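Multiple structures follow.
Each of the next two complexes has subunit A plus one other chain: subunit B in the first, subunit C in the second.
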Partner chain A sequence: MAGKSGRTIAHVPEKSVKKTLLCWESMLVVLFIFINIFGQGISPNYQASNVLREMPRYLAEMFLMLPMAYLLVLGEIDISVGATVCLSATMACMVCNTGAPFIVVILTALAVGTACGLLNGIILTKFTELPPMIVTLGTQIMFRGIAEITLGSGGSVSLQNTEGFRAISGRVGGLIPYVFFVLLIFAVIFTVVLAKTTFGRSMYAIGTNRQAAYYSGVPVQKYRLIVYTVMGTMAGLCALFLTAYLYGANTTTGNGFEMDAIAMAVFGGIASTGGKGRLIGGIISGFVIICLRVALGLINMNPQLILIILGILLILAVMLPNVSAQIGQMRKKAMKK
Partner chain B sequence: MSEYILELKGITKIFPGVKALNNVQFQLKKGEVHALMGENGAGKSTFIKVITGVHKAEEGEMFLNGEKVDFKGPKDAQAAGIAAVYQHPTSYPDLSVAENIFMGHEIKKNGIMQWKQMNEEADKLLAQLDADFKSTAEMGTLSVAQQQMVEIAKALSTNARIIILDEPTAALTNNESEKLYRIVDKLREEEVSIIFISHRFEDMYRLATRVTVFRDSQYIGTYDVDGITNADLIKAMVGREIKDLFPKPEVQIGAELLKIEGLSRTGFYKGVSFSVHAGEIVGLTGLVGAGRTEVVESVCGITRAKEGKVFLEGKEIHVKKPADAMNLGIILLPEDRQRTGLILNWGLGRNVTLPTMGKYARMGFTDDKKERGVAKDLLESVDTKAVTIFDPASSLSGGNQQKVVVAKALGQKMKVVIMDEPTKGVDVGAKAEIYQIMGDLAKQGYGIILISSEMPEILGMSDRVVVMCNGKVTGELKRGEATQEKILELAMEKSKREEEGR
Partner chain C sequence: MKKKVLSVLLCAAMVATLAIGCGGNGGDGGNAGDDKQSTSDDANKGGDDADKGGSDKKVLAVVPKSAGNPYNEREVAGFEEVAKAAGYEVVVKYPEQATADAQQSVIQSLISQDVDAICLAANDENALQASLEDAMAAGIKVCCMDSKVNAASRATFVNQAGTKEIGETLMEAVYDLADGEGKWAILSATSQAANQNAWIDAMKEIMKDEKYSKLELVEVAYGDDEPQKSTDQTQALLEKYSDLKVICAPTTVGINAAAKVLQDKGSSVKLTGLGLPSEMAEYIGEDDEHSCPYMYLWNPIDVGKLGAYVSIALVEGDITGAEGETFTAGDLGEYTIVDAGDGGTEIILGAPFKFDPSNIEEWKEIY
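After this line comes the complex of A and B, so read on.
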């Protein structure tokens, strides 16, 4: 049936080069280039080889950023992941020290992480009224508790056999760490799924208006459960690569990782209120933060001072859209007058 | 002294990009009930906000008792004795009625709250309004009608001389509306002046002495209610004549599509049975709270029924979630467009294809181009007033939002379409268009369940009327035999009987 008034509605998207250049992701690319120039300016040691050597610890955190971005898009959060990393790493080290084959170690890390994520997911999908922040705060304390009991009085475990972990911490051409490539593959998968699939679109729908999504037939609870579980699995993966760098685990392993992951995603333009942002932004912002940390680390800046700088940057980043909107409005008003 | 307690002249209010009010005027006499009518988007709400000091007009003057006033904010308007009561009361559900009434102007002695005094004062105000609840009741436990009463009491507690009621009856049943009418009558006797905004003609005829019409941000005219006909008023509001408000087509009614048998959910409804045939529009009516929405929500898998069976084309179905219902061909277009019907800040196209994107996708990857084409066709087929499919849903008027909700249902082959209050908050022009779409769907062989509290709509569109009361079906009336009186009788039957039994 055709419209009675014969009114037509345009359906071809406008492509605007100006808009693409002015989007937040483009800003981040500029910032990334700027940070690299800045790094070389402040330290003669800021070279590709050094940066790549310093990177693996931070790259491991990026594994958390990917599913964390999904959770933020869903309008949710998981602050237990740092503890999940700790528990996974601990268990992986313990299993490794029993002399088990390395594949079993890998599976242990992933299984423990998945189990933790699944637990969060089950609690939150069975009792849908509970706030994710509080539930995952509870499981965070719990997971760390289990890890500490497992670690015993010493509070740490060291790898007795580092062979397997050394294999995964290798470098292509002695330069680029394997973890970089693994991360790249996951980053592409996560980005494409969010941007191009019905699952991704559903996540935006849930994050923007969970009720409307449910009424439209989106399996809200199933998708939430999946994302929380994947969050756990990725925490297991993070734990593996982190262990390959640290050769052990202790009670502080993974401390604050959840906040780093959230910061990377939010800095990348993924709103914590849900339904907004693209993963590409989170990935670029992750590299911006990593390069800044490496650069400041190379000039031996006090780590606490680095944290303060990162904190300020994050607040500026979330303030920027507000400020620019206000400037836009002021400009419009001025033009009218 | 001026004849008018409130007079506005040449008011112009500009929002970025639009003139929300263009040189409008308004005069309110002392002790008068003055209706303000117009389609959605005509500028009524903006106008009210100018009066209450929420918005500041770019141009124009406002006189209170003949003196020029210039409100800097809502506080000034309140101090001048102007109060507004909105359709959805903006209250604090966890606080008591008295706390709500005195919020912002508490009675204090040396900085200490005088709760006893406030409770007494509140009870006095409530008694004045014939309220059936106490000042200590928790706000959240009250019905919408009772909450509105609290809002009115709040207005009175600030000694308001001008009270603005913004679509107060939209969420009320007929009984509750009648009670509100009586309150308004009482206020009028006390020489309180009232501005009344409503889409319902009954409200206007029952209450107002004069009516002012806005259209497209402009002042159209002020008329005596006694001297204007329905048709003239509609013409003034819409700018064109609407010949047939209920374009119900003659449709050959086909086979039975949906059959509900003895459906029960503890505390909500009990033993509900009725059926819908192809090409049939079944009006499901009753007072608000009769359990109509709850029944169809269970049919569509939003909640689960405890007992009973649902059949689709003779086969029993077990729906656990909305997606199941949709796969079977049953879709619910929910009452609350803003909360459950649409994702307001998404574009129209995305909204329309949200339930069906899986159909166009390949291996889980969305086909954006195809979706855009489908969305365009569907939105055009229901004649949505929009420029592009990328316009956010929030930019449309209520009536057009409802059309988008309908378009969502049309993207897939449906058998039964359930519309819950499809014309709530929709202006008269768009209402006719929605009825037209409903008729078209019936012609195409859809079975339609129309839930509505609006009597003319139920009578005008339904082939059969199912009436519910207190969670039970109290009667079924055919198109020919249904009258307003019969429906009302059935809708209130149970409650009456129960009262007698007590």
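After this line comes the complex of A and C, so read on.
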């Protein structure tokens, strides 16, 4: 698959085995294995069946991480997704309660999410100088506001008919939740597109230098619009699965999801400054974070303490490349002398 | 060279993770002294003991609405007292936030831990159904206290006081303080708290009576059980309605915030509602110096105790949660399970208790 520049994948220099082993992603794999051993060490209840049963709620959040990684690679951010999840879930529940067939409910969730994402995308591509952080902060407040008005004074909506949602929250063989497979499919698609297609490579080009990408013929604004819209669609999908576990929506639904998604991506080595990182890292780090949360939950650790630990880990993960680069530079200087 | 440095750093990070993980664990143990998470620590030890084949204690879990809520903590204290005295392990598991979403994760974790019973104060009536059905399918006995979950998600519900009794009591108090006529407002917690909404609906229902026709409910404000927001909402009420006579706050956080605002301003607006005696003592008095002439509450320690007795009775198979069953709850006496009117059953602790200047000194020491 040749890129527009004529450079083909075959021309990319091959990496040495040592370098592959030392990359952040393989470190995350080690960390993942380590956390699983750690989990089994601290609690006899840390078993595959239990972890898989506790996982779905967090897996729903990982749907957000996939397009969020694209945005981070672009050097942008979307903090309105938590609110989009809330609005999509609210609308899906409302439609479900009118007795509409389940396929309509699914389409509603996805359509509302897509519409929210599209709105973000249109604002940000029509007015290209606006900072995404501020625009999506605005739409975040807006979407949540709309959801709260829709929810009315009660502040929550509950499903009267949970049949459809029960179906999608089922498990294969009573063990692996459906959401796991859906996530897997999307994860593969998103990873391949980002790593192996012209579209994906353009993400890195735009994230590294938007102007240069524009002048070399990358349709920057079109691609940004696509990514923001897909972000919304995935938020709709997240809402759908979340509703399947909560049988309803309320004003706090999706609270903080945007930050969890960003944390997963950044911990996976995707730089928020743009142009760096691979999606596989984000996916592994998502599972690392989920397993750590489940393990610490099983020993009934104070939930606030768990959040503190996750915070420290995140800062360490961001700090590492910086520190190693600094040390490397110092060494070089010392060697020159 | 660079690669070596990188690898060393990464290894250091791994060790750091390990240290943090274990350190966190140790910190948890360190907390044991100040009773907040101590029980979980005990539970861990219990688990270890079980491995050695020493202890086969049954485990009762209690899930409050959130950490740092004094009212919830009293309930937990009551629960622990009874359950431990009866020889059970207790796991207290606070959710990350005061949301149903966070409680959902907590319940899933408790299912993994294979506890024998879960007693929870729910943040949302319906949102926990999927998880609690999982729990019941796994053989865990589920009951709730303070704020209920829907009938399909529970065996039974420990109701601190009948919704109708609370509505009647509070309405009568508002009528008395307003001298039978004028404007009054409600300061509630969050707009989706099941118990708050049930009481407010009950008050609105009772207000339809001819006796209360001259009273006008101008607004239901929501302070979200946050002191600052409750304070802001109280001030907003005072500004919006200059001829307001009474504020009724059926939430401990709200009444405390409102009492301070009214007393500091020397406002003539009178306050009543549901509050903790220890927090409200300085505001309770008949004269104009004090903002709250009297208020009500049940004993949260007793709510927790009854929750524990119900959990134990469910675990031991003494009751199943069906209407008409009776059981003895230690020194609280004999209780009968009654129909809750929502398709499920409940156990009513008793009528709300009145706190006024004559007894507040005595009660403020207790809770």
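Worth a mention:
Methods note: the second predicted complex is superposed on the first by the 312 of 337 C-alpha atoms of A that agree within 3 Å, B and C clash if a C-alpha of one lies under 4 Å from a C-alpha of the other, contacts with A are read in each partner's own complex, and residues count from 1 in each chain.
One rule holds in what follows: a contact is a pair of C-beta atoms (placed from the backbone, for glycine too) under 8 Å apart; a residue touches a chain by one contact, two chains touch by 3 or more.
What you see is a predicted model; the values in this text were computed from it and never measured.
In the superposition on chain A, no contact is made by A:M91 with either subunit B or subunit C.
Once the two complexes are overlaid on the shared chain, A:L74 sits clear of subunit B and of subunit C alike. Looking at the shared chain after the overlay, A:T198 reaches subunit B, while subunit C stays out of its contact range. Within the superposed three-chain model, A:M65 lies out of touch with both subunit B and subunit C [touch as defined at top]. When the two structures are aligned on the shared chain, A:L313 is found in touch with subunit C, with no touch to subunit B. In the superposition on chain A, A:L246 makes contact with subunit C only, while subunit B stays out of contact range. By the touch criterion defined above, A:M27 reaches subunit C but does not reach subunit B. Set against each other, subunit B and subunit C differ in how many residues of subunit A they touch, and the higher count belongs to C. Judged by the touch definition given at the top, the superposed model places A:A212 against subunit B, while subunit C stays out of reach. When the two complexes are overlaid on their common chain A, residue A:Q304 makes contact with subunit C while staying clear of subunit B. Of the residues of subunit A, not a single one touches subunit B in one of the two structures and subunit C in the other. Contacts from subunit C toward subunit A in the complex involve residues 1-3, 5-7, 9-10, 13-14, 16-18, 20-21, 24-25, 27-28, 31, 36-37, 40, 43-44, 47, 51, 67, 91-97, 99-102, 104-106, 108-109, 111-114, 124-131, 134, 150, 190-192, 197, 220. Note for the complex: subunit A touches subunit C at residues 18-19, 22, 27, 30-31, 34-35, 38, 42-47, 50-51, 53-54, 57, 153-156, 158-159, 162, 166, 169, 242, 244-248, 250-253, 255, 292-294, 296-309, 312-313, 316-317, 320, 323-324, 327-328, 331.
Those residues of subunit B that touch subunit A in the shared complex are 16, 302, 321-323, 325-326, 332, 334, 339-346, 348-350, 354-355, 357-358, 361, 364-366, 372-373, 375-376, 379-390, 408, 436, 440. Residues of subunit A touching subunit B in their complex: 1-5, 7-13, 196-201, 205, 208-209, 211-219, 275, 329, 332.
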